[in-house]
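The structure appears below as structure tokens.
Naming follows writing order (A, B, C and D), and every chain is counted from residue 1.
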Amino acid sequence: MHSTQPISVGILGATGTVGQRFIQLLENHTFLRIAALGASERSAGKTYREAASRSWKQSSPIPSAVADLVVLPCKPDHFAECRIIFSGLDADVAGEIESHFQAAQFAVFSNAKNHRMNPLVPLLVPLVNADHLDVIPHQRAARGLDKGFIVTNANCSTTGLVVALKPLQDAFGPLARIIVTTMQAISGAGYPGVPSLDILGNVVPHIGGEEEKMEAEVAKILGSVRGDGGGFAPLEGLRVSASCNRVPVVDGHTESVFIEFERRPAPSVEEVVAVLRAYRPEALTLDVPSAPAHAVVVLDEPDRPQPRMDVLTGGGNSVVVGRVRPCSVFDVKFTLLSHNTILGAAGSSIMNAEIAVAKGLI
Amino acid sequence: MHSTQPISVGILGATGTVGQRFIQLLENHTFLRIAALGASERSAGKTYREAASRSWKQSSPIPSAVADLVVLPCKPDHFAECRIIFSGLDADVAGEIESHFQAAQFAVFSNAKNHRMNPLVPLLVPLVNADHLDVIPHQRAARGLDKGFIVTNANCSTTGLVVALKPLQDAFGPLARIIVTTMQAISGAGYPGVPSLDILGNVVPHIGGEEEKMEAEVAKILGSVRGDGGGFAPLEGLRVSASCNRVPVVDGHTESVFIEFERRPAPSVEEVVAVLRAYRPEALTLDVPSAPAHAVVVLDEPDRPQPRMDVLTGGGNSVVVGRVRPCSVFDVKFTLLSHNTILGAAGSSIMNAEIAVAKGLI
Amino acid sequence: MHSTQPISVGILGATGTVGQRFIQLLENHTFLRIAALGASERSAGKTYREAASRSWKQSSPIPSAVADLVVLPCKPDHFAECRIIFSGLDADVAGEIESHFQAAQFAVFSNAKNHRMNPLVPLLVPLVNADHLDVIPHQRAARGLDKGFIVTNANCSTTGLVVALKPLQDAFGPLARIIVTTMQAISGAGYPGVPSLDILGNVVPHIGGEEEKMEAEVAKILGSVRGDGGGFAPLEGLRVSASCNRVPVVDGHTESVFIEFERRPAPSVEEVVAVLRAYRPEALTLDVPSAPAHAVVVLDEPDRPQPRMDVLTGGGNSVVVGRVRPCSVFDVKFTLLSHNTILGAAGSSIMNAEIAVAKGLI
Amino acid sequence: MHSTQPISVGILGATGTVGQRFIQLLENHTFLRIAALGASERSAGKTYREAASRSWKQSSPIPSAVADLVVLPCKPDHFAECRIIFSGLDADVAGEIESHFQAAQFAVFSNAKNHRMNPLVPLLVPLVNADHLDVIPHQRAARGLDKGFIVTNANCSTTGLVVALKPLQDAFGPLARIIVTTMQAISGAGYPGVPSLDILGNVVPHIGGEEEKMEAEVAKILGSVRGDGGGFAPLEGLRVSASCNRVPVVDGHTESVFIEFERRPAPSVEEVVAVLRAYRPEALTLDVPSAPAHAVVVLDEPDRPQPRMDVLTGGGNSVVVGRVRPCSVFDVKFTLLSHNTILGAAGSSIMNAEIAVAKGLI
């Protein structure tokens, strides 16, 4: 039922792990066409095949449609034919470059952390808070733009978590406290990323900045848009405490979550499972081709979810939840899994763009 | 400074992972001498070298002193020269066999779960509750024994946790609530244990019975002995909620711990670290040769503890804690690591036996 | 260009690793329809979903079309509606059961080793020796059958090797000597298969029976059919020496191959690469839907092939070769990779069946 | 029975993987004392504890004796109190720096490749060709030195191989041809070394320069010293062909070796095993404290050697051989394992220094 005209897109940070995922996911997209690829000065001028020769680590080869594209420097002038910009740039350069593209009237969908907490930038998890796009008109007005804007997605470990929390918040009222321990995959660290001597047969109990991001982003994402659409009202009452760890897994972040509701009596395990299974976010009601059939899939098997078997659920865009059970300290606990470079990065950016198109913002 | 006479010991379940650890750890013991090895009927009659040929997976070879010992069936008559019995038997046979040895007047130190929650059996974590041995006279009296008894150690994931909790409870008063997520090593599952297809590059978010054990054992271990020594008074107020996971690590359980104290204001991070570092349990004041120099080692590096670098701290009998920091939901959170087959199993049994000898119970 | 009528197939050993691959690969087959599933007595009577609940380890779920099929005992009477039988049975039961199905007039395509060296059974590597099916009339005659027959595929590590050797033999004359060292994935050992304590961070330098299989099977596969179609003439002159190892990889066998030709001067590296790339076996000229576009893909990158990036080439049915270079001891050496449960097992059985249908044998 | 006076040593490249191994191995050395540590300009001026804080990856902590040493730039003036210099420098700086130290009269024992093939530099595998030190007087004369010299050890994968080949060559005459495939551990690549995305669950079939090194070094090591001691006579007739691969193992290189002797009839498997077990190189007859009890240990178990269980044999300085069996293409084949950073690097340098001291060269 799709009738959108083709839209040309550019990818910044095309040779990185997230850039590679964009390229993979857009290979057969119904209306988004990769027209230009941007990367560092070192890569600019080479074909993508050359530039990515040492860093392409996907299980399928570089799509022929992009292999011969000449990589460009990340400057707006080079991307004139694009309307949408997907950014997988590193945080050390993303802030400035993305602002330039925004100012040059591009619709920028970023994976970087730099603009996430900006009070006029939607921190968009496509299966959670599509309504936060209501702030775009204000963002444009504030910058004197009519077309350009920046939308960010969330940190990979935040993303899976909030997709599970949102329906519970909607159904059962405010969440009081969340404790979460993550077991994160190595692909989240890019390439060369985590040295093998650090992670082979090992656990690294620290991922720089990750816990802080989770704790801050959850509040903004689960919060609302201010009445006048002029900004966001992050959740005030919710407290989140995280412990983030790296484990020897290639793709898929596993999270052990403990939830306390404000409401008494708290919902039962059965109610929680039913709500998760029934969750149908706005994105699933719009023309969002990349959206999975189910935002949340709940498994009954006692030893699930697992990266090996569940990470590609919904094409990597579903959150898989298992082991939903009572918690003797809080109310309920469970384990969730999400694909860290698909839902956790490029997949969400793509869905965000599809939502923006569906909402007439592009 | 040790003057104990040599004591002969027998090991039940000698060919299993825990049995192998006993053999390794006792190789050069100052006064415990392995005199007899017991295993299943299938192994009985073979030399240990033969019986363990397909299952010995340690990084050093079978000590020559035991390689030629003929493996015996696990019947008390065969162990007449032993005074101490170390059991690494599986739970499906341990209950009955250990009771027989107890009745036959042996001092049994078990790693199995069967007798752990028995109201007259000390659930002994050597670096935490050595005083629980005070119940042994009552256990003997209740069974009409003068020498025999059973002492169990704790589940591997419980052990590291309570070593860290005990000094905090002693210094700051009752613990109110604990949430813990474990990332457990494969050696804890024995051999053949966890299939490689399940764990290579994967996380398994369930270890059967593990969370229940942690939640029940903590209360008994951190509880006290009843005034009359006639039994135990498990902690009443403490609530513990666990999530246990298997990760691709060979040795070393990592645990992400979140603690709430009853006391207000709660202790600071600095106070917690100081108390952990200063912790000197009773075992470190007795003649316990296998005890580590420090029960708890606290590291300051931001990405520690890690199995690769820290699992052999204190010869595998220390608990290593890192990332002690404030928790926005509870009071403090940190990561701890312990060796799951040394402190978590055989090492603790050996220290328990040494403590019992030091206390004149053997 | 496909016009074959639907053919019903049965899968024996449906709950095993190879059985699971059959089910995955046949999910959307153009003309082969899974009509019946067979497994052990223990599984018989349960739905496939139940029977495979503890052993299904694929990265996508059990296809709904088979999940509710009731598993049957492996007796011909239960498979009456099938014309083709795919067997992933273990060697301890395969020999007898497959003979029963053959005698009951089924076209049996087996992955087991039992019948491979039988002088009237084609040891068929679909991309190498499809002509060996010429022996089927003789096999039928010898057994007094008009429809039934047995065809086996080869051992997983043999399969990838012979696909690379065949075009070289065809182009350059007899191969004199081959030395090969394999680095094999764990999925080849089934489930529970290789214990994780054996393989995590380790290499096991022995796979029982594997080297012998490679050495014997290569001679039969690269040999010819006797003039009268009454049997096979294995290669006489070729000597093969193998060393088979297990490494911590889930899917994909890597092989380091050293080749000496009889011909002098030996072919150059460029000639070898050209011949491999040009290889178009008979299967690629028939209506064989599962055949890959290229039997052999040769990569130029210096560090390829690798399981992570290349194992799914050709849907898992291509052999990927890299590092083709001169050998100072023999003539040429290279590294090859093949998917051990697709090309190495179920994929080859399916292609064998498609070839047999194309040749009018079914 | 050791009577050598303490000798002060310096370690260049102290923060790298090889440097860390030197520090670990020298911790309790009977006569070698670490007096100075050298590293890059970036590290110079910091204590070793600070400089190595992000790169120390050993399973035991930095020895207190060196933790507070201030790291120095790699200039001879800073090492005046040392007589022996151990170098674990990277090849990009090793050549020049080691020459400076040689010229400044230090006895330099290097792990780097730069000087290995120099016609006056012994390429010394301590358990193989200690007699190659006879060239040192010529080296000194050629450089106008009376004390200084350079000795290198061999590449890690060459080292284990030649320790097994040497006794066979001595007992059975010239080796004609060797084919070897290696499966190398990640620690050999240093830190950060191999990215985890490259090696987790993967095999990388290429290690830059490794095959060339193996092929060239074997000839020099197994060759002899020219009659006048003025240089080396590398083996002429022996042809070696290698294929080097990286596997997901932390420590320990496994090699699959195929050997053809010139002599006919070739020795039997039993003769080969007997010769390997009886091998007693010169180093085992001198005062070489770090030498293992056995240069080669031959195991009879069918699935050995394995890194997990065998890599620390002889303190990491033995070569472990298994699966010695007939080869249908050559004469005999087997699998060998050696510790790549102990025997393969620091352990050999230390033994080389001990031999040089024993021979009065220091």
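Of note:
Simple rule for what comes next: contacts are C-beta pairs under 8 Å (C-beta built on N, C-alpha and C of every residue); 3 or more make two chains touch, one makes a residue touch a chain.
Which protein is which chain? UniProt says A, B, C, D = Aspartate-semialdehyde dehydrogenase.
Keep in mind it's a predicted model, so treat the numbers as computed, not measured.
Contact tally for A-B versus B-D: the pair with more C-beta pairs in contact is A-B. The chain with its Cα centre farthest from the Cα centre of chain A is D. Note: centroid distance chain A to chain B, computed from Cα atoms, is 42 Å. Centre-to-centre spacing of chain A and chain D amounts to 48 Å, using the average Cα coordinate of each chain.
One finds 40 Å separating the Cα centroids of chain B and chain D. The set of chain C residues touching two or more other chains comprises 57, 198, 200-201, 248, 250, 308.
Those residues of chain D lying in contact with chain B across their complex are 53, 56-61, 200-201, 250, 301, 308-309, 311-312.
On the side of chain B, the complex with chain C involves touching residues 17, 57, 186-187, 191-201, 248, 250.
Within the complex formed with chain B, the chain A residues making contact are 177-179, 181, 183, 198, 201-206, 208, 215, 239-241, 243, 245, 247-250, 254, 256, 258, 302-308, 322-323, 327-330, 333, 335.
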